[in-house]
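Next up: the structures, one after another.
Each of the two complexes below includes subunit A, the first together with subunit B, the second together with subunit C.
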Partner chain A sequence: MAVLVREHARLHRPHGPSISRQRRRAFLVLTLPAVILYTIFFVGPTLASFWVSLHAWDGVTEMRWRGLGNYALLLEDEVFLAAFRNTLAILLAGGLLVFLLSFALLLGMRAMAGRRFARSVIFFPNIIAPIVLSVLWGFLFSTGGLVDAALSGMGLDPPNWLGDHLFLVIFLGLIWTHTGFYVTILMAATDRIPRYFYEAAELDGAGPLQQFRHITMPLTWDVVSTAAVIWTISSLKVFDFIYAFGGTSNDLPPIHTWNTAVFIYAQTFGGRVPAYSFGYASASAVVTLVSIVIFVLLLRRVIRRDPIQF
Partner chain B sequence: MRRSVSHRSPRAVAILMAAAVAVSACGTDTDGTEPAAPQQFTYWSMWEENEPQATVIKDAIAAFTKESGVQVKVEWQGRKVLQKLTPALRSGDVPDLVDQDGNSIRGAMVSNGQNRDMSAVMATQVPGEGKTVAEVGPGRYLDLIIDAAGKPFLVPYEALGYGIFYNGAKHPELATKAPATWDDFIAMLDDRKAKVALDGDIGSYAALWTIHALGAELGPGKVKELAADKTGQAWSAPQVRPALERIEKLAKGGYFAPGSFGSKFPAMQEKWAAGQADFLLMGSWAPSETQKSAPQGFQYRALPFPGAASVQAAVIGFAVPKRAAHAAAAERFITSFMKKERMQGLATVALNITTRPDIPAPEQLADIARQLTDKPVTPFYEGLDTLGTYPVEVFEPTHTEFLSGKITAAEFATKLGEKQAAFWKKNS
Partner chain C sequence: MVVVNLTVLAWMLVTSLREHREIFARPFDWPTFAWGNYAKAWQSADFGVAAGNSLLLVATAAVAVVIVAAPAGYALGRGVGRAAASLTLYFALGIGVPVQVIVIPLFVLMERLSLVNNLFGLFLLYVAVSLPFTVFLLTGYFASLPAELEEAAAIDGASRLRAFWTIMLPLARSGLITAFTLNAIGLWNEAFLALVFVQSTGKQTLPLALLGFLAKQQYSGADYGVLFAGVAMLVLPMLLLYVWLGRRIIEGMTLGAGK
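What follows is the complex of A and B.
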């Protein structure tokens, strides 16, 4: 909108500045409610979290100043570092897999009959609560569960999935639930591409991979880059899928499966007798937030291209 | 965490509200004289409205309102009641009465000085019974409900005990011949080729075995001392060794039913109820959680933990926030709820063990109730769950490795000690 207003201002300057001033005023009036609400509900709490992170606080009594002490502790806290590593694993390795799978499905489904139905099936996990999917996923991988039965049927000796490889199971589950969403977005983007590009490429002897590389990728790049930013943000917020591996609603999942979101919950309201360490949890939230900002900025810089008009 | 924002304005509101309340309550509640009608207080319950406990409490509230004229405004908050209470404690707009288990109340209200001393309630006569609240039963659990100054912060109405559950129809002889020592217990398992079920994905359920064994060996309060040792070296002390070696034998002896460390709760306790395993070390909620999977004729019986002189217990009860505006009315309700006729429903309708020994426990919990009456009580988890995130970050991950047979007793002691030292360094 800002761009539009600027454009108009430049075009209409000869007619006098009053219209542009009015427009600018209208712009301010129209955006002000959103800015105020955003400041109260997002910017304010974020700044307050930073302030709380400099203290020790149980949420009830007076805060005690700790300076950067919480941050120094975080850097030595094996549990937090492991949670941070898991967060990065989901973000980077998970992201890579989700997008590779999405592209592979896109390639496979582009010319497939019944592709809309297939897309709905892949998208299905997105309309179910993650907590329900997580419970189902856990039972699939239980000792003697469906996965074990399938492996045994093939003559393989199944590992103890939930006991020895729980994070891997969660990781695979996250990829399963998220891939459908990105396939749907990317497919909508490819559907906009006129068919004659592909027909021309076929006449020139280009195979599916070459068509993907020279037509699909360049023409959907702006969508891909937006999807990558969405993944970055949503992967750092993954919570309920992991949390549901905690057994009952009172229990936290094993620490080796925590990401930073579960870590923050564990330091505040989680567990049978919650820890109520709001200062420490705020410090870990700030570290997570700063990481998100850095990753999004880096990502946007790396994948920035001029969109191609067609 | 975001709720922590801007604490100044809620405080101002809280002060104004407290002032308003003080003005409106002058000469009523706070000075203990007869309140002016109409009166009411707010109760945030740990139960959901459709739970049988809520039915019993609703009946008690109706009877209380009828006899006293005091209206009770109930909010059925469910198990997360204290998590909801924390922001309210900060703002000052608190309910007058809450309930939850003792350790949770300790963590949410006592550690920050936000509870009212319940000594006076404990010493009040239960209407029409000629005995005080403490004397009718709750006094027995005093060790579980006192703060650092020795004052009770909770009036317990329900007791939870632990035992090794089994099907009395399948093992009838055990009712009269319970294994007295650990060796007897292992010999009994060997004789019967019996399997123990465990939902090992819940770290605190797995920990029950080792914490009980340590408690039986070392005596009351000692396990918490081990956990509180800043150096972590206490775990390698010679007196700790025998209990850990017993558990090592259990872990490596193949006694746990297949799937105990590779399933998702409640798969294993369901298997136990269905007869695919013989024993389940669990709290007194086990029958109500598993009865749908149990075949007809299943008789819930429970062995005491072999060699233990005391029984691990937890209590659920009422607490009053320090800044409650209608504390006296809430306390009056607590006293009236302690009447036998009011509490009876907890046993007959909700199938729980009450804190009154003169109310017979439901049949399926009779063994546990007997232990609670006959033996001294010691806190659930030996109180380790009051040490912040210690159980989940330090004890349980290492312990599950130990109980699933991946590490030896000596390795467990060393590894736990190292992690514990790091934890206390972080939390000092």
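What follows is the complex of A and C.
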């Protein structure tokens, strides 16, 4: 986002005297429909979440003021804390694995024939409904499924994946579905690096890993940091993939697999007897939003470096 | 990973063409071409109605988003000064807000407008939640177009609105198609808002029909053949679109990070 704004400032240094009134009117006419829709159905609700989170409310009767009571309750709620831990596990451990795997695939695919095709196949899960991916992933790990068959083929005793290790299965599934996106981004960035950098490094006797460390990493750092921000946001948006495990149109998945998104749904509309605790769920929504802001700001501070021009 | 993806896809398609009993006995085998699975899914498992709803909703909402976002993207991408810059940021911030954060106030709002369990209501929501990304995408696209043509139009006395309509919009056709395609994909797969805002079976979309079918299986026993036929109905249109417009889709979706 910041990148776009910076770009904007660069491209559009004011190059005339003051903007004429006609231009200003045109600007209004062009942007107004989008601004109105976006403000009413998006920005308004976002701000309202903060307000609702300070009340006890079921959406129908009067709101009752509760101050920070909802937040205090959240901190003691084992279910919420577990959901928050899961969210963090996906964000941090999952993020690390996604990026390691992406770089590994990138290295592996550099000299590969048909890498465009390989990239398309790896990217494909990104345009499939997460629910579908979830169903397919569940089948792979079902008792007597493909994974079990592979494990017993290696002489190992397959565990009860979906019963005892469901969160692990979900965690791995999320990595499977997301990695393609980051491989694609990083591949586009590495493709822009001129070949002669690598040729020169090879002449100097640098191996593939050294080349990666001293050429690829520094020159793609800018893209890596943006990709990390994208991962932060999208990992907190995960809902469908977890929900469809055991979740159906009226049941929820097992509690120990919830993330904050599922928690919010469970506290409001989900389950056979919806709870409609709007105030309480809004508090966890606000916690989610604030964590996104904190993580994005932290990321920007920690890994932001000036991009190297080449 | 490539092999895994291809295998899973092929296995899904094959399985959708086999009888339930066979799948259970031998999960990995060649199809027996049980086209009946698709007929069954279409009629008895509500996938037919849902496919119609999905198609209608996705087509109209994706078009509407582009119609609303294109003028804004043009004004912001080619606009000058603080107003354009801060409005660009205003829209871009929305990309970072997950839907589950805004769903509660949205639900109350839609209930007051009596638009819950209403396809038009869902249409409105789909347009609104798709706006931030689409405006972002099109702002970048319009900013990348050459300024000379527009200046020439201004010299010829065309107003800004006219320049937008007759010159920039046709130029931006490719960007508009990308925006339409990406929104169509995203909305076709969308489940969360549909889950919250649709309650009756006659109004559900395909992802909901799939979830509903999973629910039914718990009581009446599983029929994996039909299940996979339903899954294939969700996947096949996307697969065709991907084969046809793959490069455009990949570039559009990864655009934000590339710059």
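Throughout what follows, the second predicted complex is superposed on the first by the 266 of 310 C-alpha atoms of A that agree within 3 Å, B and C clash if a C-alpha of one lies under 4 Å from a C-alpha of the other, contacts with A are read in each partner's own complex, and residues count from 1 in each chain.
Heads up, the rule we're going with is that contacts are C-beta pairs under 8 Å (C-beta built on N, C-alpha and C of every residue); 3 or more make two chains touch, one makes a residue touch a chain.
Just so it is clear, the model here is predicted, and its values are computed rather than measured.
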| item | value |
| --- | --- |
| Partner chain in contact with A:Thr61 - subunit B first, subunit C second, else both or neither | first |
| Touched partner set for A:Ile255, first subunit B, second subunit C, both or neither | first |
| Partner chain in contact with A:Val223 - subunit B first, subunit C second, else both or neither | second |
| Contacts of A:Ser49 with subunit B and subunit C, given as first, second, both or neither | both |
| First (subunit B), second (subunit C), both or neither touched by A:Phe245 | first |
| First (subunit B), second (subunit C), both or neither touched by A:Glu76 | first |
| Subunit B or subunit C, by number of subunit A residues touched | C |
| Which superposed partner A:Val35 touches (first subunit B, second subunit C, both, neither) | second |
| Contacts of A:Gly163 with subunit B and subunit C, given as first, second, both or neither | first |
| Which superposed partner A:Phe278 touches (first subunit B, second subunit C, both, neither) | both |
| On subunit A, positions contacted by subunit B and by subunit C | 44-45, 48-49, 52, 59, 135, 144, 247-251, 264, 268-269, 278, 281-282, 285 |
| List of subunit C residues in touch with subunit A within their complex | 1-2, 4-6, 8-9, 12, 27-28, 68-69, 71-72, 74-76, 78-81, 83-85, 87-109, 111, 124-125, 127-129, 131-132, 135-136, 139-140, 143, 159-161, 164, 185, 188-189, 191-192, 195-196, 206-208, 210-212, 214-215, 218, 227, 231, 234-235, 238, 241-242, 246, 249-250, 253-254, 256-259 |
| Complex interface listing, subunit A residues touching subunit B | 44-45, 48-49, 52, 57-61, 73, 76-79, 135, 138-139, 142-144, 160-164, 245-252, 254-256, 264, 266-269, 271-278, 281-282, 285 |
| Residue numbers on subunit A that touch subunit C, as the complex places them | 1, 3-5, 7-9, 11-12, 14-16, 19, 22-23, 26-27, 29-31, 33-35, 37-38, 40-46, 48-49, 52, 59, 105, 118-132, 135-136, 140, 144-146, 176, 179, 181, 184-185, 188-189, 223, 226-227, 230, 233, 236-237, 239-240, 243-244, 247-251, 260-261, 264-265, 268-269, 278, 281-282, 285-286, 288-289, 292-293, 296 |
| In the complex, subunit B residues that touch subunit A | 1-6, 79-80, 82-83, 86-87, 89-90, 103-104, 106-108, 111-114, 199-205, 258-259, 261-265, 267, 385-386, 388-389, 391-393, 396-397, 400, 404, 419, 422, 425-426 |
